[in-house]
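Quick one: structure below, then a few questions.
Every chain is named by a letter (A, B, C and D) in the order it is written, and numbering of its residues begins at 1.
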Amino acid sequence: MTEVPHLTDLLADAPTNWGRWGTDDQVGALNFLTAPRVLEAVRAVRSGKVFTLGTPVGTGNDPVWPGRAQAQRYNTQDKSEYLVGKRTATAGGVEYADDFIAMYLQGTTHYDGLGHVWFDDTLYNSYPAETTTGGLTHNSVLPIAERGVVGRAVLLDMARHFGKDVLDKGQPFGLDDLLACAAAQQVEITKGSILLIRTGMIGSFFTRDSAEYYADYLEPGLEYSPELGRWFHEMEIASLATDTMANECTVHSSGAAFVLHAALMRNLGVAFAEILSLDELASDCAEDGQYDFLYAAAPLKVAEATGAPVNPLAIK
Amino acid sequence: MTEVPHLTDLLADAPTNWGRWGTDDQVGALNFLTAPRVLEAVRAVRSGKVFTLGTPVGTGNDPVWPGRAQAQRYNTQDKSEYLVGKRTATAGGVEYADDFIAMYLQGTTHYDGLGHVWFDDTLYNSYPAETTTGGLTHNSVLPIAERGVVGRAVLLDMARHFGKDVLDKGQPFGLDDLLACAAAQQVEITKGSILLIRTGMIGSFFTRDSAEYYADYLEPGLEYSPELGRWFHEMEIASLATDTMANECTVHSSGAAFVLHAALMRNLGVAFAEILSLDELASDCAEDGQYDFLYAAAPLKVAEATGAPVNPLAIK
Amino acid sequence: MTEVPHLTDLLADAPTNWGRWGTDDQVGALNFLTAPRVLEAVRAVRSGKVFTLGTPVGTGNDPVWPGRAQAQRYNTQDKSEYLVGKRTATAGGVEYADDFIAMYLQGTTHYDGLGHVWFDDTLYNSYPAETTTGGLTHNSVLPIAERGVVGRAVLLDMARHFGKDVLDKGQPFGLDDLLACAAAQQVEITKGSILLIRTGMIGSFFTRDSAEYYADYLEPGLEYSPELGRWFHEMEIASLATDTMANECTVHSSGAAFVLHAALMRNLGVAFAEILSLDELASDCAEDGQYDFLYAAAPLKVAEATGAPVNPLAIK
Amino acid sequence: MTEVPHLTDLLADAPTNWGRWGTDDQVGALNFLTAPRVLEAVRAVRSGKVFTLGTPVGTGNDPVWPGRAQAQRYNTQDKSEYLVGKRTATAGGVEYADDFIAMYLQGTTHYDGLGHVWFDDTLYNSYPAETTTGGLTHNSVLPIAERGVVGRAVLLDMARHFGKDVLDKGQPFGLDDLLACAAAQQVEITKGSILLIRTGMIGSFFTRDSAEYYADYLEPGLEYSPELGRWFHEMEIASLATDTMANECTVHSSGAAFVLHAALMRNLGVAFAEILSLDELASDCAEDGQYDFLYAAAPLKVAEATGAPVNPLAIK
């Protein structure tokens, strides 16, 4: 039996962006989303169609990573209390409803802060991992939320590319597959792009039996390779968003877990968004052949948070 | 002492959009944000500057409407548990942090669902108010979240217009003031615009003593008048967003409360966003003179919710 | 196929205690726990052994009724933050840890308020069911919590009586079984007793596969009969507590559900405690042959709550 | 200005119970509550009167230590949803209400786990303080909850003793005062007693202006002295409970904070209960002259918790 390699070794020669934007930088590859690139992104808008890419929250059956709890949403007041005389309308007759939620911050579509994942006791841009204690002093989702993620995005519909509704559990794909898919879709991945990758997984959550969905849980997704890491680096990919919970084929062929998180988020500062709903957008792209668009997403500005919910917009 | 008029009378001749987009409509004036208007909005982008308009969440001192509780955010895991041997890294060495939040859904920057506020037992588009019981079956924030709010927005910086850092508590302004401010700013309010109104209030929250801020709590803001209501109707204003908690001068000169909510949200279906941070954007607009821009906002898709948090984007 | 009878008919001739202790009464059969009966209960203490009957909370695998969420407990501070310099000790060197919980109030061992369950739109002692809206104005758990439940209790170990570790799913038993068990245990059920009934269910939760435990979920327990109802009434049973989640064989042979809740809690005002851990106490009783003891329980004083957690004490 | 002494020095000669009940002990002075002492406690019951000593939870105005949030309780279902047709009764006609709470575990009447407070990086019985990380592996409230706190208690009504309704903010008292009070009350503090000390503070919370109550927040209470520490040790006091939030005059005359927590909880393993409501009990004791009674309290069995809510019982 072979030993699982440590990421220190696995990524020994892999590129990083640490220090590239100064020692204080906490938004990483989002720095690639310069004003000129925002203008380039805006030029991708052709028809004025708008898509929202968040998944529903508080349904009692939200797609969450195993171990995270379902969101709990409750009314704190509504019409019923006026009906039984427990509340009275404000002067003039207005009444209102209000509500409360308890949820995991990564328990729905969300952006990770760059400090969500690490190895060798060190976060992106060399902050010590112990700074995550009790709240992320550095590399929380807040700097990402303050900046926002606005740029030209490309949807790579891997499920359609492989002729499936949904990829198999644990099905990996790599750089060649990405490029082949882009070529087949006739879309150019330009420098500073945001990548949206569709596997069909989150969409299938709502139609599959929950026990079957979570059994031997392994998501399909990108598998790390040195070429893939270098390509993300050279192409200045700013953000990676997928319709899975972890944005990658969770277990690498070497046996190491979350290698893409390590190589892209922790080393390169690529902003990860997870649990996106991409099916409707993908159908539209398949129909009109336009796989690039303006992407505008800004997670909630939750202070010191490991991540925060977001409902990204695709404007075609 | 004069009697406070009921909204039934006060708004007897006021316009509504009920039925305008069918009996099932739950997004109201967002219907004005058609694809052509999205394209028009995109053309407002000139420099590629991006601003996020949400306020921080979970700081322990978030601006919330009196009676709503502060958000509570806690780490559920972080580096500390690895340090003391309570967790072990995944195969290969990756470790991670995770967290949880309990908060009012309208306890930070948020969009209201159109059913958040009503009178005469009836929500926007004639849904019975009792459908809010336990969760908004109709007119929750979900349809707004599914559609997104993308269009051309105009910032009206009323505080600067009146030569103040922050307007006084309870200071009202009306349609004439809005138009005068737009004229002074040399920005055109086109049909189907999204209005962002700055009073300076939310920005001042972070520098003022909390007891002073909340004492005799009355926000400055727009005051309802029949002309104002007709103007919103005729101008097809899609969404109203402000840096206050309630988007209006809470108590109308007649003594009735939340009249603008009644006239605009409940009658016209105008989508309300509240508690925006507008100071940085406003400074930039004052500097470059560009007061219109692409506005892209999508609240979380919280099922049956009265409202949901959002971090709106302004792209200039 | 026969029609399921309505409780109005099923309990048409069943006794009630409505009005017995005045129109304001909200503690029902706890009124039977008079000072003389407390003194009688105290005399049941012989050896000074103490047992706590609550189940653990916040383990991630708490026994909860299907549909209720697991409790979420998180540290808000602990040593880790002092270690990394995020907190400093108070003057003199004291440091401390603190924590937070989000849970269903009936999501562990708890007392129900008498208004937790009803039929015919009417709660115990004729309060309208609509008073439960948004919070129980009457018959919440608060009056029970303010009074406390202190009296002589008798443990009826039905599992041991039937020669099983745990009763079967949906296994019913009735008054004759209770009396036969008491006789076999040589314990007298005196007037005003508190009954503790052991089925083995909650104890088995911690050793059984969760999916198996919840499959076709039906609990073993007491099944309503007119004689049983009259017996509780005549014997002035103050409180019923079991090691199940619902204190009864959920579905009655007639097809009606929660009949015991209706007959005992809603009609007679018997205070229900559920999800008790009785195994250790039962083993001790089997060993020393003493099945009666002083029972002292007081749920949390949660205002307007349907129920509240409790950790009951048995003092032998 | 004199330096504040460190607890290491202040308590250099103070007694500890570490190791006294083995290296695994996590209930400390509760070990003094042996079966014979439980029987002695039972003999203190004379009239059969019962008092519950918890404070209300979820009122929106609960007494909580500065920095802790108010409990949030919400119905998850009630009659209102049946009324509007969103729920249907179970077979036979039963309907029910249910609810949820989010709260600090020490946000109402509660027992501390012995690991709640420490100094010199070490908890009671020499567990390292770093074991509190993410949850108290040792000295959580769970062992105390599993054991329960049952014994003879003595109420010392210091407010009445000093002729006041409520003691002044920061008013200290010491061993002599305790003994004088006991003498005046003609009650004997026997070995292994549980002490309940009344200052009038929590009772006054509900009638005082909140801002005034919390201004320059300092509680009256016991002040540590070497004699006091030795007396607790020699008298084998098992538990200390008061109607304040911190059980002691928070700041010691030396300037050190929480000295009593250090000397009694961390060194001796005395179980602390805080935020008790003692006014009604105290009035009764003043009337009938009986200041000792059976005390029965068991906090919730919250796993790894720093503390847990409790509603203690006094049975006279």
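Descriptive notes on the structure:
Keep this in mind: a residue touches a chain if its C-beta (ideal position, glycine included) is under 8 Å from a C-beta of that chain, and two chains touch if they have at least 3 such contacts.
What you see is a predicted model, and the numbers here were worked out from it, not measured in a lab.
Among the pairs A-B and A-D, the greater number of C-beta contacts is found at A-B.
In summary, the pair chain B and chain D forms a contact in which both copies contribute largely the same residue numbers, shared numbers making up over half of all those used.
Per-chain CA centroids place chain A at a distance of 46 Å from chain D. Centres computed as Cα averages put chain B at a distance of 45 Å from chain D. A separation of 25 Å divides the Cα centre of chain A from that of chain B.
Among the residues of chain A, those touching two or more other chains are numbered 69, 72, 75-76, 78, 80-81, 83-84, 100, 102, 130-131, 133-135. Contacts between chains leave no pair untouched here, as each chain touches all the others. Within the complex formed with chain A, the residues of chain D that make contact are 72, 74-76, 78, 80-81, 83-84, 100, 102.
Contacts from chain D toward chain C in the complex involve residues 4-8, 10, 33-39, 42, 45, 47-52, 54-59, 68, 71, 73, 75-76, 78-80, 82-83, 89-106, 108, 115-121, 129-136, 142, 145-148, 150, 251-252, 254-259, 261-262, 294, 296, 298-313, 315.
The touching residues of chain B, counted against chain D in their complex, run 69-70, 72, 77-78, 80-81, 83-84, 86, 102, 130-131, 133-135, 137, 211.
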